[in-house]
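One chain, subunit A, appears in both complexes that follow, with subunit B as partner in the first and subunit C in the second.
Right, the complex of A and B next:
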């Protein structure tokens, strides 16, 4: 076995082990502390109605699973976008996709307040899923807009455009919420305060297939994406249909990011920082090699942040995005300072 | 010219946590006067002087970031409109003089609107917080521009331009945030007569309602205010006695707040409603005046008691329906449809909620609702603020 394969395998094994430890810790720690034995007892007595079973199986396990697959999906979405746009700061957040999702959710809530709850049912076919549907549509709209603009502008301009779209969406959200009542506004706030705890077992019926297709898409696209890293001309010389691949990558990214945003709210920073950590650990930018590490690091990071949120704090609850920002923002700052291209013509 | 001066002692002594010996109306300061006995209000003191009344207000006010509370106080001299300037002793020289009865009132708290409404003088309102009053007449007045909008206390400091244009005889300013005190000073310098109100800060529900005595003095409805409060007190006592004779019903007052979080009533005046109505709050926590009456709890903190809950106050205008139904499946309250929301007097299309308005003024109505929810046979009148809700409904 050569070292080029040994390092990813070793890293993958270590990350999987860390993930297992964080999963077990997350199942044990919360406002109610459980021993490993109680966790196992809870897992082994599904449907028994015991307190351990309810806490572990009904409350914590869906949350933990959502953090694992959500973190992995957001990490992969970030990897795809950074590769597609050849921009190390591209992700669903910085390119305005999450802002689009927020705007869509707010729009549905205001429409629901004006037209009535029946509107939401017509829109989604599922009672109570209006916010989810609105978020998906908003994410999709911004993704298409960014995709169109990406052909015409450079890297930094694209990021600024994403930032502006984000500001525009925030402004529109503020105005929209002004025209709804406090009661409806609270529904948006609850969704917008990103958390994996919103996910229940029934949601995986929707989440899992979409994310699975997205994951398969990411793996299938790995090789042509690696070629794209060296430029469009080089990729085309290798037989890659670049315009078609761009559409496929964008579609895959939406499949990975939109369902997580829809069910868990706008989870920030995971897609931005995880690909960098993965490349650093693997020591390669080859997409095929980076994908497993990206998924595992995304899962570990999201779950660890969720664990911090759910530590038994007295009185105050921390916010998931606050924890992720504490980790993510310094990393982005370091990245900006270290990257000559991102500093914009310096040196 | 009236001499007005608002004494705002931004507590040199930071009142950590409003301990009993530190917060409460200031001493009379040497001015002679006959105290008007108040049984429940801690932050209000009234005295009858020769030719005028004195109201002493003092309460701890915190900033909304949760910083340490500081004592805010004011001394008001209520002098009859007829007659000359009251001759005040030196100790009252810095007090705010208000000529009564006031005929033009501005208020930035919904509760003050309700106090005036209960006294039958809501037509004297010339400026209120905004256009979400539960009272249709007041709301219409705001929408039609007859009543000014100065901003609600929980949202922003008052708009001084509107206040100046409204020319109120008195501006009842609820200080819900320490950060708003500079605006109060500025309003005084601009010539406005400001009376800060702390009714909503009172630690007991009867203490809150007893502030109607001040509103009565201000508006010339002293007798009506006294009579109404006496009625409230008698009714509350009757309800307490009746409910106290029954076995306490295990219950919780907690609404879902997004994710795996619930906002639960655990102490304070709201908890007192539950206890006085014959309920046993399963999420009860020790009294602590520094803390809010409600706390945010995780679902897994509520789950261990959920199987004992017979009655659940589960609905609130701020509720966000939970995705998980694990609690619903466990609690007998959900199984027996003994679920209630505090949105009985709400006007969703107008974004108006009487829970934040008249409920402060009529604790007898609120307590009657809780007693009816817990012991249905003890109260025959219909629900007002509470309403039964179906499983899955949270408003």
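Right, the complex of A and C next:
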């Protein structure tokens, strides 16, 4: 009894500690190396204009915070989708929701550019609810398409469909950019490679509330989602209004994934692998027990990958998704080979 | 309790069966029989309120079953299904605790009483030793026992079980059927089990529901249903028939001759089986028989020859009459 309760608490404490260490390290490391003391004095003297304060608070902290809340949100979105689709490899990226979000955002950006050059101001900062709204609409479109198809096709087919939708969206985005001017295109291509570094303080006004609502939604839905682990019929027999819950879960997933996609681009693998790591560490698939670990591991993974990218390399060729793929792809291969339902093909 | 009134079950325009007046009493163990496609699952789904009846009414405590709020219905009706959901890292204990969801608040936190109910449910299915095992590591029989415990943890008035023994080996089927019978009689929960296992159902059930096809529905004690000949009508095939004498299905191919068996006790029973297996008839008298088999301490005697095993006897019998 005690051990069953001690394990999530212990894991949560350890993960929180690791997260703090990675946050501190991320604030120290960069083109200018700072000591822990300098980081703390920088944090303590916000607005003083000192060099430490400008590096830590103005340059590094937004990126670090974006990675922390973005990683947590993507991890939770992955957990929700894996449970909703009863598919261990489902997440916002693998099922094409991110591609939909990007396409939506690209449409808004291009449309804005055509309407008026004043839109470029918004574009460069990627603030502006317009881009988020476009991303939400695109994510929603793909999410609805996927949840309709999920009833007709098997687990693996759905994943392939998601990947194909991703390629399709990338193609459409390229075509879209081909017909806009070069400077916009360049900005968009930079954003197309996922990165947390483009997030500035102003973005959190949009980002944080949406993700907070998504987090609350995930916590509230934990109980019916646990029932859904047994399938629709069992969930219904346990008193869950399954159609309504599906809509709520999909809505929550979009709240978690779409804003991150809009501001940070298509961050791959986090949502896919983090729930598996969380279940493994907690030793349970019960959603309520897995949520804290999922959020913490998502934050640690995203920030650690971001840290590798931002080590003081001589050249800047490393991309966030490249690092995530090096961790994520082998794990997915193991999952594919181990999972009975995936290896067996359909259903 | 359930009260069914001129209920039509089916999907769309396809009426599978019509049930007139049926009342389910507390503590009854009911087995639902019928060939595939006659509406066993549809009936259970309709009773559970998952699908609407085409006509008529299923009343649960006086109120149509689909008009109960889902959470309240979950405190009255529990289901167990055939399928084996892959649940990943979930322990048997956690699975049983899901049965308390209709009673807990939005966080799903369990009170001391909830935990006691879950423990009691595991005990009823003799599954306490499984409590810390992962569900995916359980055998099919163990898993279904845990699923039954989960249903029991809902503290329902009725448990509906849809062919839950379909994938199980014979010992597990016997255990689970006996467990369900005991649960019904000891806890007062009404249990409706749909099954393909005709002989076991006839032995264990208090009551049989039979869907013999053509939209009919037969309800009665196992013996009444058997004596009415309805089981034969529902299941007999060209060369397989339900025997009212033995209560079993027996093959009746073209009889190759009649054999009189001169033996007592178990030897007589098993010799009779062997003879029937080879499509010979068993004759009640020496006079009506083509051959006589006599069992003695030496072995089995046929036409003056003695055979040590039924196997060698069988071969001789086929040579003699085949």
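What we mean here is this: the second predicted complex is superposed on the first by the 318 of 347 C-alpha atoms of A that agree within 3 Å, B and C clash if a C-alpha of one lies under 4 Å from a C-alpha of the other, contacts with A are read in each partner's own complex, and residues count from 1 in each chain.
In this section, a residue touches a chain if its C-beta (ideal position, glycine included) is under 8 Å from a C-beta of that chain, and two chains touch if they have at least 3 such contacts.
Values in this document were obtained by computation on a predicted structure and should not be read as measured data.
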Combined model on subunit A: subunit C and subunit B, fit or clash: fit
Subunit C, subunit A and subunit B - angle at the middle CA centre, rounded to the nearest 10 degrees: 140
First (subunit B), second (subunit C), both or neither touched by A:53: neither
Subunit B versus subunit C as contact partner of A:236, first or second or both or neither: second
Contacts of A:285 with subunit B and subunit C, given as first, second, both or neither: second
First, second, both or neither for A:87, with subunit B first and subunit C second: neither
A:31 touches, of subunit B and subunit C: first, second, both or neither? first
Contacts of A:200 with subunit B and subunit C, given as first, second, both or neither: first
Per-pair minimum CA distance [subunit C against subunit B, superposed on A] in Å: 39
Overlap of subunit C and subunit B interfaces on subunit A (superposed complexes): none
Parts of subunit A lying in touch with subunit C, wherever the complex brings them together: 88, 220, 222-223, 226-227, 229-231, 233-234, 236-241, 279-280, 282-286, 288, 339-341
Interface residues, subunit C side, partner subunit A - complex: 48, 50, 70-75, 77-79, 81, 83, 85-91, 94-95, 98-99, 101-102, 104, 106-108, 154
List of subunit A residues in touch with subunit B within their complex: 30-32, 51, 54-55, 58-60, 62-63, 128, 181-183, 186-187, 189-191, 193, 195, 197-200, 203, 310, 315-317
Residue numbers on subunit B that touch subunit A, as the complex places them: 257-261, 291, 295-301, 303-304, 317-321, 323-326, 330, 343, 348-349, 351, 353, 395
